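Next up: the structures, one after another.
In what comes next, chain A is part of two complexes: it sits with chain B in the first one and with chain C in the second one.
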Partner chain A sequence: MTEATNGNDVALRIRGLNAGFRMSDGYLPIIEDVSLEVRKGEVLGIIGESGSGKTVTGMAILHLLPENAETKWETFDFLDLDVTGMDEEAFRDLRGNRMAVVFQDPTGAFNPAKKVGWHFHQVFERTAVKSPDHAQRAKGWRDAAIDLMRDVGIAHGENVLGQYPHQLSGGMLQRALIALVLAFEPDLILADEPTTNLDNIVERQILNLFRDLQKRLDSAFVFITHDMTIAAALCDRIAVMYAGRIVELGKTKEIFDDPKHPYTQGLLATALALEEKSGERLQEIPGELPHPGNLPPGCVFAPRCPHVFKRCEAERPPLFHLPGREVRCLLYEDDDVAGR
Partner chain B sequence: MSLAADARNLGAAEPLMRIDDLTIRFKLGQGLSGIMSDQPKHLDAVDRVSLDIRKGEVLGLVGESGSGKTTLGKAILRLYDAHQGSISFRGTDITRLRGSSLKALRRDLQMIFQDPASSLNPRQTVRTVLATPLLLHRICRPDEVDRKVDEILTQVGLSPTFRSRFPHELSGGQLQRVAIGRALTLSPDLIVADEAVSKLDVSVRSQILNLFRDIQDELGTTMVFITHDLHVARYLCHRIGVMYFGKLLELGPTNEIYENPRHPYTEALLGTLKPTVKDDPDVPVEEAGEAYNPTGETVGCRYYARCPYRVDQCKTAHPPLEDISDEHKVACYEWRRIGQR
Partner chain C sequence: MGFIWYLIIRLGGALVTIAIGAVFVFILMQLIPGDPAIAALGENATDENVAAFRRVHGLDQPLPVQFWIWLTGIVQGDFGTSITLAQGYPVWDLMVQRLPNTLFIAVYALLIAVVIAFFAGSIAALRQGKMSDTAATSASVLGISMPDFWLSYVLILVFSLGLGVLPAFGFTSPMVSFSGALVNGALPAFAIAAPMAGVFARILRAALLETKRRDYVTAARSFGFRDTFVYMHYIFRNALIPFVTVIGVQVRYLVGGTVIIERIFGIAGLGSMMVDGAFGRDYAVVQACMLAFLVFVLGVNLIVDIICAFLDPRRTH
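What follows is the complex of A and B.
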């Protein structure tokens, strides 16, 4: 599994993604110029607050945005395929067989009128065409499902198969969903706030499960969250989003040790301040997120930024490439090593 | 001023509210199957809880979903009727108050909800939201209302221009400021805040937490702060009560609970706080046993199934809340073995 890093390693490559929605009063741009790469076996975290565009980015990748959405790409490569201009039907096949998504609310992922076993049966049937092994597995799907559930910490899988989704707790249901994803063996797993609705102890268990899962599978993993501590625990690299843009991207540890963008700095300081024991006043980021229809003319973070200077209010900063880091902030203009 | 010193000073004072052996019971199975069965089922969302709320303190109620913390918070405000036990407020029993005396009580007890978008009327301007209680309770003369509304807005960090805005024109943080303002209009003796910062984004959450702290410092309002977030509880509360399936498992000064937890559940909850970084060795987290079934006939400790310290005695009855020091109470037979870190 430890291959040398080369170009073929990249499972997902996106360049220049723009997306927005057609509204009754015109077009509302949501995300602008999002570029990212995920290698096989790697976890990329997308973190941001609500309204930062992290979920829209994820759903755009899966082509799961609503009807009134418009998306544009410069490049969209998935494994060895160029999917930039692929038609919906072909893409649906791809999504059904090689991409999986885990949502925040597991109840929405299950059909409430069907037992858990039915869902496993569907997945095994669908993957049966992949290989003779898969076809064999589909025949004995009950046992295979029970094995997978044991892997995710469900001791009595045989009982769970006969239960309806509403009979399981949130944590159990999320586990069952993860077992379904395992059955599916996707090349790309996208998880959107999968632990946000869970209690602290269960959250920690599911997080450990994801860590374990990621070690075993060779899939590319995109993990969307608003929680810095969760991102720190799980992700190899992190993309920080603000108002529809990636403002910083780099290795998790390096970002936590030395955040460059003023927003990342503020976000980390506020998140960590609560964990410190001292009863000091919490550090704040003043102000609020801008509305996507009413963005400031220059840098989107300028109105809240402690380091703001004149040019920030007039220019949209591009992404500057520092060694091992990308930052969208004029403070780092001189450190740019390679323009694209 | 340290929180611990605060808690000690408050210890001497007469409690503002005394909750004694309170049970809140919900009937279950009102549907067809319930009617057909002989034994009507019920659920005690709050199960024989005794607790003092002291004047001027922030008391945190922490627990996971289903622990009964919200039910207890609402019961304090008389939004649920007690099945058993009593609540007294400033020395008067309020458990069965009705009619006009209950209405008068409402003025002294206020609540802030988790989701301000649904607790504010979408068709009312901020001015109407804040002015209605002032006029209803005749706090000030009609010609003084605008001045008072501006005063409240300033207090919660909004400019007076917000008076004419509607809820949909405000962001989550601004809405929560208005909701806090509304709770403050009547200068209540006690505010119950139920997950008041849980829905807010990280950067806005700090602003609102600081606002709560400012209000507390300035007005000394007694607060019950209900949260599932242990970091938030530690930041804001003088004392903390830990709840689990309707029972109060541990109660004590914040520092004491965090530094020296004596209930296995508190210990497990605090275990989830330790920050981990990828590639650290996995922190062992107890495997979820089958949780307690609150509608079943089980006796014994609520935490029995998941407890790593359980002994046979735990099966006989749920342990009573025991004083282990002046300020620190715990409901566990085996507390001496726990938390000696």
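What follows is the complex of A and C.
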């Protein structure tokens, strides 16, 4: 936090994001008090198991949650814009050209009634407002699309343009989707588990592609994943989410070397056991993720925490600011440097 | 390439269906009690007269022979001769006079239903849960639940007897005056269209709402495309596929509708001819009408399937 606030290289800054859904039986809160920052050229990983609220966080940032969603922000700065109370039409204009998403399921991201080429054509048309150069490029969108596809490892882009999405493999579609996102040259790229639906070999290729892109581009990346090894390989910093809250946030290496939050510790132990493939029984965190409508009264992780003590079951811990680290756990109350 | 094959297979299937349909139509007519000779000559006809009548019209032949004569005639374009309805007239000539009327009313009704459904379904889906949605959805239920013959009389009561703007009886053939057919056909076409419009609107609403939740719609919004663009090219475009499919399924109700409605509004069409023919035991007339309806339903279904194949590349590619 201290490092980020000085320059204007911060691409995205969120403070106090709350989001939930209006259901038939009342309001269901999903995420609470999420705060994060991403700088240009940096990769922030959001890690958590399914149901932890990481995708809701990502979709909330792009204003892409379903109609029954409600979001509240204390601060939402994007580049030099304060978009906290921006109207939807103005925000729509930011999507695509300034911020874009690579989705988990590439097959579902394409219009099944249109050829892949149609998608490129429309996207290049959309970028035409960015500059006269972009407008020029939109006219020759076929060549530009083929060039972009070559960049993401599609050798015969000219064939792909003439095909319908259902005629292509998941890996090919994910590359094509990444090429579409790259056509926008966005300042923020959000990738929501972009390799989960792909087989292992393709997953490795796509991850390499991301690593390559991240070196080449000046964009800020938010990489949502449940996989600790992917996070370790790609992310500069990571935010660990549990039951709709960020429980720990810091530099990737520091978190891996010295996880503070008991949940992070458990997650790392499980990942490590998986990696070593030791014959022993897999070390798991006992218990399961609480349902968002039925959270424990105190710390949300208290029922599963090996270090739980009395106060944990009564108090919702705030985020404590340690040097270079943020942790939502009462164990670190005394280490708080921000002083709350 | 794939499409040509698809078309050949579909056309072949339609031909087989027509052939099987012809057998059923023929058997069905024989199962109906009553004798064409009695219907034509009256209750007091002498046995000799009846026997002579049966001999002249080939009714004394064994059934398979009668069927064979009828079938080979159809293949050569001869649908036989009317024996009671219009004695001595070739059935084909009767059909040619009446077919345009029925086709006109059927297509008119179909268009009304599709246009109403297009607006009602779209408004309901776009404004889901709001007043206009409730209004459109309620109107659909009303349309589905009103029997077409009842609605016909209500329409006559309001528009003919009450407001006096549209005729209650009689019809101008579209071959004579197209605008006249449009005006005179408005009430019968609407009576047939109402229940179909209700079904179509509900299907379109459901399809639009279902499509709206698809991932590709979120992806389209993530590209920053305008709402109208996303609606037209993603939501509406993909919801059109189930919508058009249902139109094909519902076309059979058009046939049932014309049979009743043509009687009520006094339209000289195939439907009313079929009813008259059935009362007169005029086998050739009824069989020809039923075949015509079968061809019509299959034809519309084929057209619908071809449109669907164009709308949904997953079917042909």
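As a convention for this text, the second predicted complex is superposed on the first by the 330 of 340 C-alpha atoms of A that agree within 3 Å, B and C clash if a C-alpha of one lies under 4 Å from a C-alpha of the other, contacts with A are read in each partner's own complex, and residues count from 1 in each chain.
In this text, a contact is a pair of C-beta atoms (placed from the backbone, for glycine too) under 8 Å apart; a residue touches a chain by one contact, two chains touch by 3 or more.
The shown structure was predicted, so the numbers you read here are calculated from the model rather than taken from an experiment.
With chain A as the common reference for superposition, the partners chain B and chain C occupy compatible, non-clashing space.
Shared-chain residue A:A144: touches no atom of chain B or chain C. In the superposition on chain A, A:L274 contacts chain B only, with no contact to chain C.
Shared-chain residue A:A233: touches chain B; no touch with chain C.
Note on the composite model: angle chain B-chain A-chain C, taken at the C-alpha centres, equals 70°, rounded to the nearest 10.
Using the contact criterion defined above for the overlaid structures, shared-chain residue A:G153 touches chain B, although it does not reach chain C.
Of the two partner chains, chain B is the only one touched by A:K253; chain C is not.
Once chain A of one complex is fitted onto chain A of the other, the partner contacts of A:Q122 are limited to chain C, with no touch recorded for chain B. Judged by the touch definition given at the top, the superposed model places A:L322 against neither chain B nor chain C.
Touched residues of chain A, counted separately for chain B and chain C, are more numerous for B. Overlay on chain A (Cα): least separation between chain B and chain C is 5 Å. Against chain A, the residues of chain B that register as touching in their complex are 2-3, 64-65, 171-174, 201-207, 209-210, 213, 228, 230-232, 234-235, 258, 268-269, 271-273, 275-278, 282-283, 285-288, 291.
Across the complex, chain A is touched by residues 213-216, 218-227, 233-234, 237-238, 241, 311-314, 317 of chain C. Across the interface of their complex, chain B is touched by residues 43, 49-50, 153, 169, 171, 199-205, 208, 211, 226, 228-229, 232-236, 252-253, 256, 266-267, 270-271, 273-275, 277, 279, 281-286, 288-289 of chain A.
Residues 59, 62, 64, 66, 92-97, 100-101, 103, 105, 108-115, 122-123, 126, 164, 166-167, 177, 180, 184 of chain A are the ones touching chain C in the complex.
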